[in-house]
Structure formats: structure tokens, C-alpha cells
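In what follows, a structure is listed as C-alpha cells, so that the remarks can point back to it.
We just call them A, B, C, D and E in the order they show up, numbering each chain from 1.
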Amino acid sequence: MSLTTPRADRLRAVRRAWYRFRRNPAAVVGLAMVLLVFVVAIFAPLVAPFPEHVGGFVDFRNRHQPPSWTHPFGTDNAGRDILSRVIFGYRISLTLVVFVLGLAVPFGVLLGLLAGYYGGWVETVIMRLTDVFLAIPALVMALAITAALSPTLLNSMIALALLWWNWHTRLIYTTVASLKHEEYVEAAKVAGASDFHILFRELLPNCVSVISVKTTLDAGFVILIGAGLSFLGLGAQPPTPDLGTMVSSGANYLPEYWWGSIFPGLAILFTILGFNLLGDGLRDLLDVEVN
Amino acid sequence: MSGNLLELNQLSKRFPVRKGLFQRVVGHVNAVDGVDLTIGRGEIVGLAGESGSGKSTVARMIVGLLTPTEGTVTFDGEDVSKQLGTLAFKRRVQMVFQNPGSSLNPRRSVADALKVPLRVHGVPSSTWAERIRSLLEMVELPATFAQKYPHELSGGQKQRVAIARALAVQPELIVLDEPTSALDVSVQAKVIELLLRIRDELDLAYLFISHDLSLMRNFSDRVGVMYLGKLAEMGTSDDLFLRPQHPYTQGLLASIPVVSEAEEALKPTQRHLKGEIPSPANVPSGCRFRTRCPHAFDACREVAPTFHELSATHASRCHLHDPALAGSAEPTKA
Amino acid sequence: MNTVQIFGTIDPAKVTDYTEYMAAANLYDGLVDVDETGAIVPLLADSWEVSDDAKQFTFTLKDGATFHDGSPVEASDVVYSVRRLLTIDQGPSYLVRDVLDVDGVQALDNNTVQFTLSEIFSPFLTTVPLMFVVNEEVVEANAVDGDWGQEYLNNNAAGAGPYMLDSWTRGSSMTVKRYEDWHMGWHAEAIDQVRWLVTNDEATVRSLAAAGDLHMTSQYQSNETYDALANSGNFRVVEEPTATGFTLKLNTKVAPTDDVHVRRAIACAMDYETIREFIFPSDPMAGPLPPSFGDAVLDTIEVAEYDLDCAREEMAQSKYAGQDNIPISHLYVANTPFEEEIALMFDAVFTELGFDVTLMAEPWNLITEMATDVNQTPNVNQIFFGPTYPSADSMLFTQYHSDAAGTWASMEWLQDEQVDSLIDQARRTADVSEQNELYQQAQARIMELQPNAFLGLQTVRHAMDNCLEGFRYVPMQSFDYNFSNYSWTCN
Amino acid sequence: MPDDAPLLSVRDLRVSFRTFDGQADVLQGVNLDVPRGTRVGLVGESGCGKSVTMKTIMGTLATPPARVTHGQIMFDGQDLLTMPAARRNRLKGTDMSMVFQDPTTSLNPVFRVGHQMEDIVRWSDRRRGIQRNHKARKARVLEVLEMVRLADGERIYDAFPIQLSGGMRQRIIIGMALLNEPRLLIADEPGTALDVTTQDEILRLMDDLVREEGLSLLMITHNLGVVRQMTDHVYVMYAGSVVEDSPTAELFDNPSHPYTKALLACVPKLDGTATYEGIGGSLPDYTDPPAGCRFHPRCPHATDRCLTRPPAFTVRPGHTAACWLHEPEAHA
Amino acid sequence: MEYLFFVVRRLLWSVVVLLGLSIVIFTIARVVPGDPARIALGPLAAQEQVDKLRTEMGLDAPLPVQYARYAGGLLQGDLGRSLLTQQSVNSDVRQTFPATLELVLATLILALAIGLPLGVLAGRYKDSLFDNLGRFVALFGVVTPSFFIALLLQLLAGYVLQILPVSGRLSPNLEFEANRTGLLLIDSLIAGRMDVFGDAVRHLILPTIALAAATIGQIARLTRSSMIDVSRKDYIEASRAFGIPNRITTFTYMLRPSFIPTLTVLGLEFASLLGNAFLVEMVFGWPGMASYGVRAIMQNDFNAVMGVVMVTGLFFVLINLVVDVLLGYVDPRIRIKGSQS
């Protein structure tokens, strides 16, 4: 136990984490994939070969062109460049993720904290509510809600946000229910700390790794379910380039014009895979139990 | 007895036991059942007893983590059972937990941990840094430790931080719930030494909970032995270790593995205890120790024994001390 | 044959959509039938007479017609059926409910039925084919609590039509088989059995065809499917022009399509040729009435052409001239690729013209819902409309008359007094040429108001097995799928 | 094979772990002998390598991250480390056995006690080439249950571990270890998870059984009192090597190594004569251990000599200490 | 006894969950913009017709009254009447549910048959080539959208190789009515119609694979990690130390305890399996409850939507009850102590 400065220690801890992360090649690949998707989405207008094909654009004389150098992914039924639309499609997917998780995670975490910490009727009410939401597939519920609100991208995001909190609530609830018996929580109580302090300063920081791993994994699944919704026609509406919608409208032209469906599908797969590899890597790194 | 810092009067705690289709309350665990205990200023009182005997429950009631079902906690002449949660009281009574690993939040630095009581009890924030430094100094840790996180500390160091945290608001009583049971003997010795030094410096009183009787012998002025929620025997260290009266105390002492012949000679020659501790949810009738007691006789089954004052400082809860009842049974030799 | 929708009900008093009428047309017969020219021809009735005031219609039943259970078709059955239709009041009854009540239909004797209308309604005769005749005894025997046998007819058929219900799995298939004693008799190559398969996608259609399990596709397949089937060698694609118009209905009551110049701009800015050639194969359509309505058609109307300059000019004259990002909404039926393509095309052109286009894809029944409220009706609506009964009235009244406003057929919300009065007059005129004159005036007025962009006349296309013959377009609700008119030419 | 050769003999055992911080040389040449029919103790503070030693002997150490870099483990004259895995497994199933520390985690919670015990009999039978049917095997299980003083064997046979108390479970674990009639019993802190009185009872029972069955016992613990009560000979371990070994009584009377002395001094005494000096400093970091004697940074007697690793010097017959203080010349 | 109480309590609780679900879904259904009466009558109906039907359907009553009526019906197992098929939702569900059940059961069986051994072996031979391969396969199963797998399978097996039918449940030329259990595979065997059986199996293959992929992945991953967790337990070390052969240790002593978390999560994962069924049924034109549900949702057939959601919820709850019972069988800790909450 040599004497070191706290900063050097901290640095060492970060290096150690990165070292452990790096030893998991899958996680590194996942990180790279996620970063790639983010970069491509952010700089979409610069990256996409035909950015104008994304909005109101049709060229029916060029419909269903097979993949070529000009159109690496081919063109769709309105003669639009599929690659460009995929690239812009990532914007939609990521917006979906950010919106849904941005709303659902804080809300779910808060409920989970309250239920786990207070127990009693607070727990009963919150956890039974999550049971109700659990009893029905997210996709089905999202379908029902989206259809009820009329199918638009915003509505499907709202529907998913309305459903997603319960997973985080459950996770945080179990985590907190076991953490609250930790002696450090009791120690804080003995010191006179308020519930607020205990919830947000003592318990929440200990949920961060669980939350971040779960959120990373969820990002993939939000995209998955979002794609499912738009596959059924309840997501973003044309001409917005949504990946799920592209797969489903491309499916009308299978098998001859397979590229219209396959490339957007692979693009979805790519993101979800990226988020999952990253999430799995983080889970190993932070050594937490999710699920 | 009015000079006592802390008085427990018939303190009891029952936990409901739920069962059946609708999880109705079908009974109670009498975790603590009518405990009387006093601690004077600057005194170290030990509480011994095996797992599940209710030691921690007593501790948690004293610091206000649990509310007693019955009985009172009097602190400095004031009945605080109803206001266990108040800040003024909390400042004066602190607690150090068993496990140094889990009593510090892994996500918060040493300084963060020490700031909690300071903030809560209204210490002006300008003085915090200074205060933290002097607290660390008091527990013999370098000031640089303020920025460390628990995982960077050894067990003994963590326990020192926990002690520093308890000292932060200048309490008068610290409840130590098995503070060294997770530590190696060599580390334990250092922590115990530290506790004793601080007691002398600050004139603190300790309630010391442990099932290590050898440690108890050395550390405490007076010791109580608990069995299934009740005090079985209470006396000064000498009373208890040189003249154990309750068969349970005797059995307990006989079970201690010791390292020298000298100690071996001090152990009661009594037969070893057999069998398991009954469940506190289903306490035996009469004397709760009778199921394992080598001297049990008929009366033990029917009548719950009361405390017999054997001297001014020594009391034991056993029918053997009652000549009327123990007539038939052979009395123990001291 | 495949269908893309499921059969909801087969109760002739409740059928509403194309698929349901298709089932009813095969299982049931009415008093009269419609041929491909739109003429009314005898079916269960041999002959009929119209009173001078055009309010009384008397039908004489033919002899020897029997229901599927063998019992004879009698006047009482007809009366029962019509009363049932009017009482349940859910299916085709909307056509006549205003002019006919339950006492308006009487059996004069065992084989004479008389209808008495409360006011003159010249197209009445053309609605009679939709009054399918049910077997009174069977229905009543199975009725519960005077429900007119609704529960029973929901799942069973009790008609006198050419085919009898054989098996029916809702959501997947329905099979009907020939009723050997059908009163019209059978020709040698007649179809024995018809099975409709409900399909959800093109892939299924193609694989069914490849496996030899499909001999005729629905009219709603994609170009690719037709091509693929035609290339397979076993199929040919049969095209028939129809009287069904595919139009953009422009809501005349909400901005910016409340301005006739904007509407004309829209009419100028559609690339009709591309649509007809690449997106939705169809015939040119000039005005509100398809050419098949013969003398009623105003033949001076020219077919519109794609002309962006014209569109710009019209825009310049409109009250929205000079504005940018004028919001305009465009509605089409969700999950119909060609409609989506037209919508995309619209989007591309009108974004260019300075509009802020919102595309709305909705399921059909939501569209019908939106149509009931003028403010919920989008500016531009892609709608198919064909005659439900073979009369120009069906085209004009249903789409353009104020009384018909609030349905999907009249999403223009035209509500023009002049048009209304012309249509009303025509309805009350028994004289045909006078009537045609009125219809032509109405068309002229409508063209002036330009409530539509006429994209084209649907050519209905089916891929049909080379051995299957007999598809003819009939200007009446699914009557072209009466399989007794089809034949199997191979052995 | 001479009969006086020890049953188990560990020679210069070295084990390393691969960690982020580099290679951790945990065992640094452990030597210990378990003579036939004796009870040998291995004591030392937490983290000194007791369990690693035991796991290496039993062959349950996870490799990687661990690696045995050097040494011999002779059992009955055969080297466990070099023999084929199958032979070693055979020995495990027959001649060696162990008692685990924690009775709550060492029994499989989802199988009946009888099932678990009978399986052990079945496989040890197979290894020995014995044919026994279910009834005979069950009889053997019941016999052992009686041996460990569990009345009501039939009920316990059909019980799941959760239905039994900690003390009973610990007895069952001891019983399992005895089922295949081993010659060597290794016990890693048995019963420390139990109450003092129960633990005491278990230890006494084990002691009786070892004597009755004529077993050799290797007892691993950090409790010096337990060692004193249970063993004939003790090895004291510090940071991966044995620093002192001696007949038990002798060790407590005459501790020789400074570490042993300091450790004994730390143990609170029942006579109230404890000193609270403790041992300064802490256990070294295995990835960067001090050169020479690993105890020297904490040793009050440390000199430059200590930078070289001391061999085990004989203090008295049968009593050695690895400390330069006991170098014969130094004594002289 | 405690265990029985535990199961009964779960059962009672399930009823409450379903009731809660009915409130949620009722609320959602009632904000649907469509007018149910209008939907039922079709687009050309006159307004008076619509109003008449509204009153008949009880849509004029205040919402709580409507809910009370609906819930009353629910308790008697009456799901109301579908607007589109004009028949009771019960009979629609009765017609479509067996198809879904058949698909889902086949999926579960396939997923367990592949996922479990995959997980066990991967966990047993951690970090081996097989492990890495297995993890890769499992990961892809989990992350690939089921509809995409479905499309790929259709493309590959249906068009390119042309070996399997890509749509429907039975070739339309086969006349067969599954009227005993509704499950084609079973009914055809009972009827001795091997042709039907073979055809049904061929139709079942692709949808089952598409639906099972994610579940296989989940099971394999879970089993693998719980195998690894369990392999670190003291009792496994003990079993090895007592000389039980590795093979027995792995397949007996490790497998059963590692199955517990797998089973628990499998119960919860069942919801996403049902969700995926909605997509897969659509792609393969599987005439099941999910296709029925999607159609109902798309067309705002509110009674049908509520019916499908309720039945789905019921199915989920039932499966979890089965899981609870199985858990009690696998894990005596649950059976003996009963479990809290």
C-alpha cells in the first residue's frame, strides 16, 4: 500500500477501467458501432450522397435501381437513394431513443427509488402498477396507444415512453430494496440525513451503473420496438426516412427488389447490435446484474 | 441512577410474522423483550449474546432506526422514545456498524461521508475542511485520505473513517455494533486501542455489542448477556467472567476457544451447551433457556425467572438463584 | 381467388364493403341483376312495371326459383327481406331508407311484390339488385328474440344465389360451392367451387399462385406481382376499364383549398402521365362522369395535363399568392404503396411550389371518420369512387350534393346550390334526355369549381389463370365477382 | 512406502495469479506435512493464502487465473500435481475429503440431502469398483448421519437443506466428507459461520470423529484458539509462506517467530490481560511483495539480513521458524 | 401449504392485474378518435343509422358506466362484439387463438430445445470456441428484429431455395378443419391425416424459427450466465471435491439451480415473445390472434382491441403462473417457504 495522491489513484482507476473494457473486444466494437451511428446521424447532410432524396423527392423513372456505385444500397419505389435515407433514418432512430429514454428513465428511476426505499403502500401502488404494464407486451401496448393517438412518430415515441419506465422502476426497485438495508444507509440515517439526501445522494449514485448498463441495452430495444411499430405502419410517416417503415414498404417488392428491405433491416440490426455489445461490455465492466 | 446518560426501561420490540393466504399477522418475533439497561457517562457497557439474541435490535432502537414497541429510552434524564428521530438527540448518540465494507457508501469519498453529519447538524460549511482534517487526525489517518473512496482503503482504515464519522458531531454516546467482527485480530487490536484512546480524550460512553466474550472481557466495564431477546445476566466484567452465574453465560464461556492454559483455567468446567437456539418467533415457555440448560427442572418450564440481584452490580435471571424453586435441583458452584 | 380484406359479415342486410358484397353477390340473388352495360336485367323477377308517377314498382317473381334448402322463393320472402333490410338499417338500406318504409313493400300475391315510394326517386330501380332475398322460414326458425336472425345470418347463408356457403374461417378463407338447382341454370364450363383466401401480402399471393392454389388475384396487387404472375406462364393479366374514378378530392371549405385557383393549380400540377404509366395504370379521366355513362357525360371537358407554369399562374391569381410555406394536408390510405407514391410526388411538387405539405396516411375507416367533419377533412384526399348503382345519380349525388356531404365520397364539401338543384331536378325527372341535359349542366358547373383533380379511371386488373374466363366490369358494387358468370375453359 | 512417511506432504508450493496489476505471487514456497493419524493446523490472518493452499491440494483452484508455478504435493507417496487428472479425481472421490466453512452455501439447495449424499457414495463406489444397490447406499448414508449425531436420519434423508438448521447442515457436510471413508480430511474454517456455542459443538464432534476413524486432519483457520483446541501440530502462515511450525502446545507456550508472537499478543485474553498493540502496517501487496522476509516491513526486529529470505531454522526439535533471529549462529 | 397459499395468492393477484389492465386498456380504447358505431356501419351509412347504433351499443352512457358494463362482461368472460367481424370477440378469439397458441408453443419448445443446451454447454466450456460461437449466435438472435428475420427467412427459404411455404398455416388446397383442440398438428394426428400434419409442419417451420430466434438467444444467454454463476458456488466446489464426476456435476448439480433464473426470466420474456408474434404473424400471414389484433388496432375496432389485449394479458399471466408452479417444483426453497410479495 504505497502512498499515492488521490488524483493519481483516480487516474489509475480510469486506466484500469479502460484496460478491462479494452480486454473485451466485443465491447470495443460495440462502442465503435454506436459512435459511428451517432456521427453518421449528426453529420447526415454531409455524409449522405443524396441528401435531397430524404424530403419531398420522387423520380419514378429511376425506381427500383439495384445497388450500384451511385446508389450503393439501390433505390426504392420512388427512385430515392436508399443509402441516404438509411443515414437520415438513423437520426429518427436516435431521436426515438433519446426521447423515449430521456423521459422514461428518469421517471422510472424516480418511481423505483420511491418504491424501493419507502416500501409499504407506496411500494404496493407503484409495483402493482408496473405489474399491470408488465402483463402486456410493450409492442402490443404501444400499438394500441399509437393507434389510439393516431400514428405519427411523436405519438409512437410518447407511447414507448409511457411504457418504458416500468422496466427501470423494477430494476431500481430491486436494487434499492436490497441497498436500503446496507449499513451505509443506516449510517446516514443515524447521522440525521434527510430522506432526500438518502435517496439522491446515497442510493442513486449506487444505481448509476445499473441504470447506465440498462439504458445502453434499452437503447437497442427501443429501436427494436420502434422499428416494429413502424414496420406495422405506426411510426414515422412518409416521406420521413424511418428504417422500420423502409423495411416494411420494401417488403412489398420482395424478392425482386430485395435491397429496399434488406439494407434498412441490416442498418437497424447494426445499431441494435452496437448498443448491445456496448451494454454487455459495460455490464462486465461495472459488474452489475441487469434483468 | 439519575446520573445515567442512557437508561433503557423495559424496552421491547416485536416484529410481526405474516403467514397464510392473505399474509395475515399470525404471531410476533419478540426480538427484544423487556430489556433494562443503564449506561453512565464515560462508561463502556458490553452486550453479548449469540446471533439473533436481539443485540442489534436494541442498538437500532437506541439510535432511533427502530421505534420500540414498548418501554422507554431515557437519555440524559429525558424520555426520548417518542422523539428518537429529532436532530438534537441524534447529535448526541451515534453508531458504528459491524462491517466496515458496507457501512461506507462505495460511491462517496471519505470527505463526502464525513460531511453528512456536519451538514445535517448545521456546522458552517466554511469550517468543514478543517473539521474533516482534525477528525481524520483523531483516528490517525493522513489528511489525504479525505479524497479517497472506500475501495481504496483497507478494512481497518474504513472502520476508522466510520468512527470519525460518528465523532463528527461530538456525541456523548456511541453505539458500537460488532465494530471489529469483520477484522483480523491484529487490525482489531488497533481499532480497539483507538476506541479506548478516544473515549479517554472525549469522555465518551460506549455501548459495545459483540459476541466475542474475550474481547468483551478486556474492553467493557460492565457486560450484559442476552439470550433470545432478554438479558440473562448482567454485571461488571469481573462479576461475569470470574463468577458467571447464569448457565447460559457459563456455557458461552465454556465454548470460547482460548490460546493459553491460564485462560483455560478460567473457563467454567460446566458441560458444553447442546442444541440450537430456538426461533425467537416461538420462544419456549417459562425460562427461554430451559431447552438447552443442563440444569433445567420442572419449574423452568412453567415460570419465567426474574432477575436475582446477586450483588450491587451483578444480577442473573435464573431459578437456580431462587432457593424456593431450586430446592430439588443441585445449585451450581460459582 | 384472394382477397386482401377479411369477410366481416355475410348478412345481406349488413354488408358494407367490397369484400362483403362479393360474398353476398354469390350467395344471394335479388329481384333483378345488372349487366356489364349497367342495364337492369331479370333475375328472381321475370318482369316489372313502373307506375306513371314513378312511385310504384311492381315485380313479378319467376316460377321455379328455389332457395338453397329447396323451398320456393315467394313474394313473402322478398317482403320479409326488404323489411329486414330496412329494420336492421345497417347495410345497403341507406340507399332507399329516405324514400321507402317497411310498409312500402307489400306482397300482392304469392309471386307479386309491390314497392311504393314516398317520393319520386328515379334511380330506384338500379338499387333493387342490392336488396338480396333471404329465406324467411329458415331465418325466422333461427332467429333469437326477434333479431331478424342477425346472429344466424352472420355465419350462415340462406339465399337463392348461385353458390352455397361451404366453409368459412374468418380471417383466412371462405369456400362456396355450386347450388345445383340454381334457378338460372348452369352452363357446361361453370365454376363448381369458389374459394377466397385472405392474404396480407404480395409474397403470399405469389407463392399461392406458384403452388397452383390461386387462379385469380384480387384487383389490389402490386405491379410486380402482376408481372411476376404473367411471366410465370400460367396467368394472364386481365384489364378492364371501369367507371371508378381515382381523384384528388379537394376540401373546398378549408384554407388553402378554399380558393378555386389553388384547386386549379393542383389540377395543373399533377403529373398525370407518370401516374398512369408508372404508379397506377389507369385510363385518362376528364370530368366527374366516366365515359360509360354515355349521353349523360359532358364530352367537352378536356383531360387535364401536367403543366407547372399553369400551376404557377393559378397560384399567382389566388389569395395566397406570394406566401411561403402555405400549410396543406394530403391524405391517403395507409399501406397502399401506389397512393403513397402519389403522395410523395405531390409532396415533391408542392414543396417546390411553396407549400408546407403534410402527408397523412390513415387506415380507411379513420378516413371515413374524418370525412364526417369539414374541419377534420384534409385539403387533398386520394379517393376512389365508383357507382354503387348504375346511374349517373350515384356519381353526382353521392359526391357533390349538399345532402350527401359528410361522407368519404364527398370530401370536397362542395355544397353548391346550383349543383344541388340540378341534381335534384334530375332525380325528379323521369324523361331520360331531359335528365341527361341536367346532368351535363351539373358537370359544367362542377368543372368550374374544380373540386377535384381527376387522376384517372381505374383499370381493374386481375391476374387470372389462363383457364379462367368471365371477368367483366359491372358498374355496381362487386357484381363483377358473381362467379356464376365465369367459366373454366380447360379440363 | 514406509509407514512413517507423512500422508500428505507439500513441498515448496508456489502459486501465482494473473491480475490487472500484474502477476500476484500468492504462495511463495509453502512446505507442510500431515503425518498419518495426526491433526495439523494451518493458521494465519485473512488473505495469507490458506484457502489457496487448500484449493491447490484439492485441485479446485480455477486455472486461469491461478497457476501452480512450482512444487510438489505428495499424497501417500504420489505427486498430485503430475498425476493424470483421472487418477487425481479418483483419489478425491476416495481417499481425500474436505469440510467446508459455510453450511448455508455448501449444500446444493435444490436437491434433497439424501440425493446428494447417495451420489457421493455411488461415485466413490464406482471408483473403488464396489457394487451396491440403492438400499445399501442409503443404509450407508443413514449410518453416517448417525455418526454425526443426527438422530431422525430418515427425515433428514428426505429433507431439503433449507428445512434444516445451520448446525444440522454443518453436520451433514461433515458426514458427506466421511461418506467415502477418506484417509485425509481437510477442513477450511468449518463452522465459523455458526454461533459460538454451535461452532464449539461442531468442532468437538469433528475432533471425536477424526480420532474414532483414525483420520489425518488438515485444519485451516484464522482462529488461534480453535487451532489450540483441535490440533497436534501447527503451521503459521504469513503472506504466502509458512513462517513457523511447531507442536501445538509448544507454539502457544514458546512462539518464536516475531509474527507469531505479535499475533498471539493481539488475541484478547479471557483473563483481561490483552494489550492493544496490534501489528503495524498491513499485509503486503502480492504483486509487489517486499524482498526477502515478507514480514520485515512490519517487524520490530528487522535488520538488513531480512532482505534475504530466511530458511526455516530449527528452534527446537520439531519446531522451526523462518526468521534470521533463529539462525543457529545467531543463537550461538 | 405455504406454497399452495403462495400460488393461490399469485392467482388472486393475477385477477387484480388483469382488472388493472382492463382499466388501462379501456381508457386507451376510449380515446380512440374513431366512432365505433360508424366503423361498424361502414362509410356510407347515414348519420341517423349511426346514432341509432350508438345508443344500442351503449356508447351514450357515461364512461364509468360503460366500464362497469364492460368489466361485468369480462368477469363473465364476455369480451363484447367486434365491429368489423360483427360477431362476438369471444368467438373471434376462439377461432384465431389456437393458431397463435400453436405458433407460440412450437416456439417455446424450439427455443428451449436449442437455447438451453446452447447455454449449458457455453457456460460449461466458458471461453471455448463453442462458447464464443454460441454467444455470437445468441446475441444475433436477441438483437435482430423478428420481422427482419422473418423477411430474411421468407426470402431465403421461400424464394431462393423454394423449399418451404412462406405464408399461411395450411395449404389452401387441403381441406381440414381443426375442430378438436384447434391446434392443427394435434388435430391432424387425431384425425390420422398425415398429409395435413406434414403440410402444417412445413408451414410452421419458418414462423417458428423467426419467432424463436430472440427467445433462443435470451435463454442461451441467461442459462450461460447462470451456469457460470452457479459454477462458482461453494456447493459446486463441494460436489467436485467429494469426487462427483464433472459430467454429473454439470448436468445435474449445476443445471437445476441455473434453470431457476432462466425460468423466472423466461416467464417475463414471454411478453416480448407475444409482442414479436404480432410482427411475425403479420409477415407470414399467420391467421392467429396477433394478426387479428393488428388488424383490429389498425381499424380501431375497439372491442376487438380490448379483447385481444386482455387475452394476451391473460395468456401472459397464465404462463407466469405455470412458471411459478414449475419454479416451485425446481426450487424447493420456494415450495417450502412460500415466497413473499
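One rule holds in what follows: a residue touches a chain if its C-beta (ideal position, glycine included) is under 8 Å from a C-beta of that chain, and two chains touch if they have at least 3 such contacts.
It should be emphasised that the depicted structure is a prediction, and the values quoted were computed from it without experimental measurement.
Novice: Touching both subunit C and subunit D: give me those chains, sorted by label.
Specialist: Neighbours common to subunit C and subunit D are A, E.
Novice: If you tally contacting C-beta pairs, which comes out ahead, A-C or A-E? Let me know.
Specialist: A-E
Novice: Using mean CA coordinates as chain centres, what's the gap between subunit B and subunit C in Å?
Specialist: 89
Novice: How far is the middle of subunit D from the middle of subunit E, if each middle is the mean of its Cα atoms, in Å?
Specialist: 53
Novice: What is the distance, in whole Å, between the centres of subunit C and subunit E, each centre taken as the mean of its C-alpha atoms?
Specialist: 40
Novice: Using the touch rule from the top of the page, what residues of subunit B touch 2 or more other chains?
Specialist: Each of 154 in subunit B touches at least two other chains.
Novice: Going through subunit D residue by residue, note those that touch at least 2 other chains and give them in order.
Specialist: 282
Novice: Provide the list of subunit A residues touching at least two other chains, using ranges where the numbers run on.
Specialist: Residues 1, 150, 233, 251, 254-255.
Novice: For a test of understanding, state which residues of subunit B touch subunit A in their complex under the given definition.
Specialist: 60, 63-65, 87, 90-91, 94-95, 97-99, 102-108, 112-113, 116-117, 120-121, 144, 147-148, 152, 154, 162, 165, 168-169
Novice: Once bound in the complex, which stretches of subunit A touch subunit D?
Specialist: 1, 16, 19-20
Novice: State the interface residues of subunit A toward subunit C in the complex, per the touch definition above.
Specialist: Residues 55-58, 60-61, 63, 77-78, 150-151, 233, 237-239, 249, 251-257 of subunit A touch subunit C in their complex.
Novice: Which positions of subunit A touch subunit B when the two form their complex?
Specialist: 1, 3, 5-6, 9, 182-184, 186-194, 197, 201-202, 205-206, 208
Novice: State the interface residues of subunit E toward subunit A in the complex, per the touch definition above.
Specialist: 13, 16-18, 20-21, 24-25, 28-29, 31-33, 139-140, 142-148, 151-152, 154-155, 159-160, 222, 265, 268, 271-276, 278-279, 282-283, 293-294, 297-298, 300, 305, 308-309, 312-313, 316-317
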